[in-house]
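Consider the two complexes below, in which chain A is the common component and chain B and chain C are the respective partners.
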Partner chain A sequence: MNAQTKQLPKPPGKLKHALTFVIVLFLLWGSAVQTEASFGRLISGIPNMWDLLKEMFPPNWAYFDNIVNPMLDTIRMAIAGTTIGAIFAIPLSILAANNMVRSPWVYQIARFILNLLRTIPDLLLAAIFVAIFGLGLIPGILALAVFSVGLIAKLTYESLETIDRGPLEAMTSVGASKLQWIAFGVVPQILPHFISYVLYTFEINVRAAAVLGLVGAGGIGLYYEKTLGFLEYDKTNSIILLTLAVVLAIDYFSTKLREKLL
Partner chain B sequence: MIELRNVSKTYPNGTKGLSNINLTFEKGEFVVIVGLSGAGKSTLLRSINRLHEITEGEIRIDGKSITAAKGAELRRIRRDIGMVFQSFNLVKRSSVLRNVLAGRVGYHSGLRTLFGFPKADIHLALQALDRVNIAEKAYIRADQLSGGQQQRVAIARVLAQEAKIILADEPVASLDPLTTKQVMDDLKRINQELGITTIVNLHYIDLAREYATRIVGLRAGEVVFDGPVSEATDERFAEIYGRPIQEDELLGEKSL
Partner chain C sequence: MNRNRWLHWLIAIALVLIYVWTFWDIRFSGIKETAGKITRSIIQGIFSPDWDYVYLPDGEDLLRGLLDTLAIAALGTFISAVLCIPFAFWAAASRNKSMALSGAGKFVLSFIRTFPEIVMALLFIKAVGPGSFAGALALGLHSIGMLGKLFSEEVENMDAGPTEALIATGASRLQVLWFAVIPQVLPGFLSYTLYRFEINVRSATILGIIGAGGIGTPLIFALTTRHWDRVGIILLGIIVTVTLIDLISGYFRRKLA
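== the complex of A and B ==
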């Protein structure tokens, strides 16, 4: 070995980082140009924002009487949608986990369905269901259910794949049928995770349900559209405050509950 | 009675796990299988209840071929073979009692077990726990127990299963010397009192000599020794291992 090969290694070049930076900058600039966004417009828009804020305050407290029921509807939609989604997520997550089914065909197809479900935006789903079932809570519930299946099943099957194999082996060795194998080996291990994911999805669904009314799928969202359309910004403000309070409360309790579970 | 006829196992990558094994285990025997790690001890044990598939030969349990069995018939044969694992394989979040009751599932339909077990089964499970002296832990979560206690729960699961054969795959490898002795004593006592055929994989040679009625030595997937404890001298062990016995293969008398 000669002296040259014994040299200490040199740090890798910085070219890659520099190039990444240039590309990100280019994309940012390109996006701004294409969407005609600029700081100038942002700054010139500030007085408008200020006017809007002034009109929003004080909120119209009396309007709360009108929106409590739609708000409850929104929560009901979220509960119904999450529950339906959770029920359908159970078989799908088992089919998508590669330690639950042997055949790659089965779990790859199940995963493809899950990915498909999650790529459709919930507003689009709601709009489609409104077109099918007409205005009301049903299309909202269905849209949330479809979205929930995708999310809950995805999170659950990923957790399923990390469960302890030992108890599963033990269940095989005692002569358990597939159903018993799942009930005694899998369910106790995955249940806390599953409940946690359902609660998490419920949090997301409450927020999503609040805007679904914009496309006619019921709940508080309809009132956003109404009050904005009539330029009644003080009422809009009431809706925003109520939504904020409800979402914060549900997030708080759901997070507390999930901490207890795991 | 367990009969292994010309049993071989070749892994998909070509390595030989077991080669041409012929063994017969009589009812009530306490057999210890010894050998270096990688000699095929675990593969052999797991072939008996078909947790591992064999590629050649046949294994018969009380005259019935487990190698050919499918579906309900396979589950029926497995129901009679209890297994104890190195890592206990309990559901840690479930109660001790529920872990023991899991041994009973083979006796009921899937739906029946979803809605709770018959009183007789619960009684049986509590008796099984009593036999390994941890009945008072029945309603505690399994992960609250020490390693030795968890392994005794696993033994209770096998007892509740009313197995005719117990396979124990390195049952004491994760335990300290004192609990090792307790667990081995439990296995031996069950073997003698209930006449359950017991086959144990062990790493420690002195432990094998102390508990076994018959020792089987494996090397590179082949049976290189099969005989009573009296014949299993240090020299024979040196042959099984292909080298003199080392200190870490002895549990040591003092710690017992």
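== the complex of A and C ==
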């Protein structure tokens, strides 16, 4: 009897859980104080919100004529940014994979660069590029490209590290050159994954490109400030609806394509 | 084989057309002549940042801006983690529920996900006025989309055994929830909440661009007034904060898994 009770596992400590709970509560309370959150303001704001929603409906259907072109610009920006990002991601992902590059120095530095690229949100990058290049599509494309490099290269190098070594060893044993080794051993294994990641990044970039205009980087985002500034909320609603429709459609097709690839 | 080759050609032609359409209209001539100079100034600013801005005894400085950003992210994540639970159970497919019901829940969640957080913040600014609170509310509402989806998948993957065992012994619905459902889904819920917190810290840094609080406001101000050394220190601050939060949150997520 005694021996049996000794074998029973101890229940997890209650104190640790309680302490974690208290710390989280304390942090949340601090956050609420810092952001000056108050239920009173939220509740007194609800009528404002309701008025806003009432003015947003029905959407201004005629306004669609004005925003179709900016929407196409947005898609162009996403395509161009993703493509440039994908091209630069190829060498970086090879440098970051530890089965492609022997030296830990090289792949650790490459990974550090990739992590650094992904810490800065694309809207901030766009704001900086707008300061450099001026208003237009170019800063938007560059911002998306920088962000895409980080994301595509990270996903690709992680797949590269899990590829099958068999074909590679077979190629080495028959005396293939380094270029042949990559073209016939690595590329066929990684290509479907790579294309899938590019499509995934494209989905993210379409969403991002839709708001880049807020900092002056072109596309449909520019029109949010225009319509909100003139209190034309029915037009704002048209922009939101068009963006939602385009994003959902692109997501749908891209997901279907990705399912076919893998 | 022949059909495959046709398909490849078709894809290639479609791609070429898409790229021609993409790059045909883009004007590369609009670039400012000062671009090179400004780039140099920004890089110089990043390597010789305005250290004095880190802490100013009175008013707006880097540390307070970053603290504000973290507070927005934390509050937003908490709001969404609470609000998304009913959505998660709604969208989760299970045996005693119609496909249409869970399908509707999934659609609502993907709709919320698609709505850009920055636009949501614009609308909340109209409702509660500019400031961090509007930002936190926007993040809270937007994050429901992703957290609800991840939570509902966690509920779907739950083992039915414990629930059935408890029902068989005559437990009440509340007891089933407390002893069978919550212990199974809690680690997953917490892990996803932390993951979303990481994303929200990044999002909170941009909310300031439209006046919804956080470090974005001084950054945009420094950019428009051309204080490049200040831009440098703010960028450094963002990079360090995001990296630290990722490391800490990643450590806790590994412990939960």
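Everything that follows uses one rule, which is that the second predicted complex is superposed on the first by the 255 of 262 C-alpha atoms of A that agree within 3 Å, B and C clash if a C-alpha of one lies under 4 Å from a C-alpha of the other, contacts with A are read in each partner's own complex, and residues count from 1 in each chain.
Everything below uses one rule, namely that contacts are C-beta pairs under 8 Å (C-beta built on N, C-alpha and C of every residue); 3 or more make two chains touch, one makes a residue touch a chain.
Keep in mind the model is a prediction, meaning the values are calculated, not measured.
Counted by residues of chain A touched, the larger count belongs to C, out of chain B and chain C.
When the shared chain is aligned, chain C comes close enough to touch A:N48, but chain B does not. Contacts of A:A18 after superposition: neither chain B nor chain C is touched. Judged by the touch definition given at the top, the superposed model places A:L214 against chain C, while chain B stays out of reach.
Shared-chain residue A:T172: touches chain B; no touch with chain C.
Of the two partner chains placed by superposition, A:L261 touches none, neither chain B nor chain C. Interface residues of chain A facing chain B in the complex, by the touch rule stated above, are 164, 166-167, 169-180, 183-185, 188-189, 192. Of all residues in chain B, only 49, 51, 74-79, 81-83, 85, 87-94, 98, 102-103, 105-106, 110-111, 113-114, 154, 157, 161 touch chain A in the complex they form. The touching residues of chain C, counted against chain A in their complex, run 18-19, 21-23, 25-28, 30-32, 35, 38-39, 42, 67-68, 70-72, 74-75, 78, 110-111, 114-116, 118-119, 122-124, 126-129, 131-133, 135-137, 202-203, 205-206, 209-210, 213, 216, 219-220, 223-224, 226, 231, 235, 238-239, 242-243, 246. Residues 27-28, 30-32, 34-38, 41-42, 45-46, 48-49, 52, 76, 79-80, 83, 115-116, 119-121, 123-124, 127-128, 131-138, 141, 207, 210-211, 214-215, 224, 228, 240, 243-244, 247-248, 251 of chain A are the ones touching chain C in the complex.
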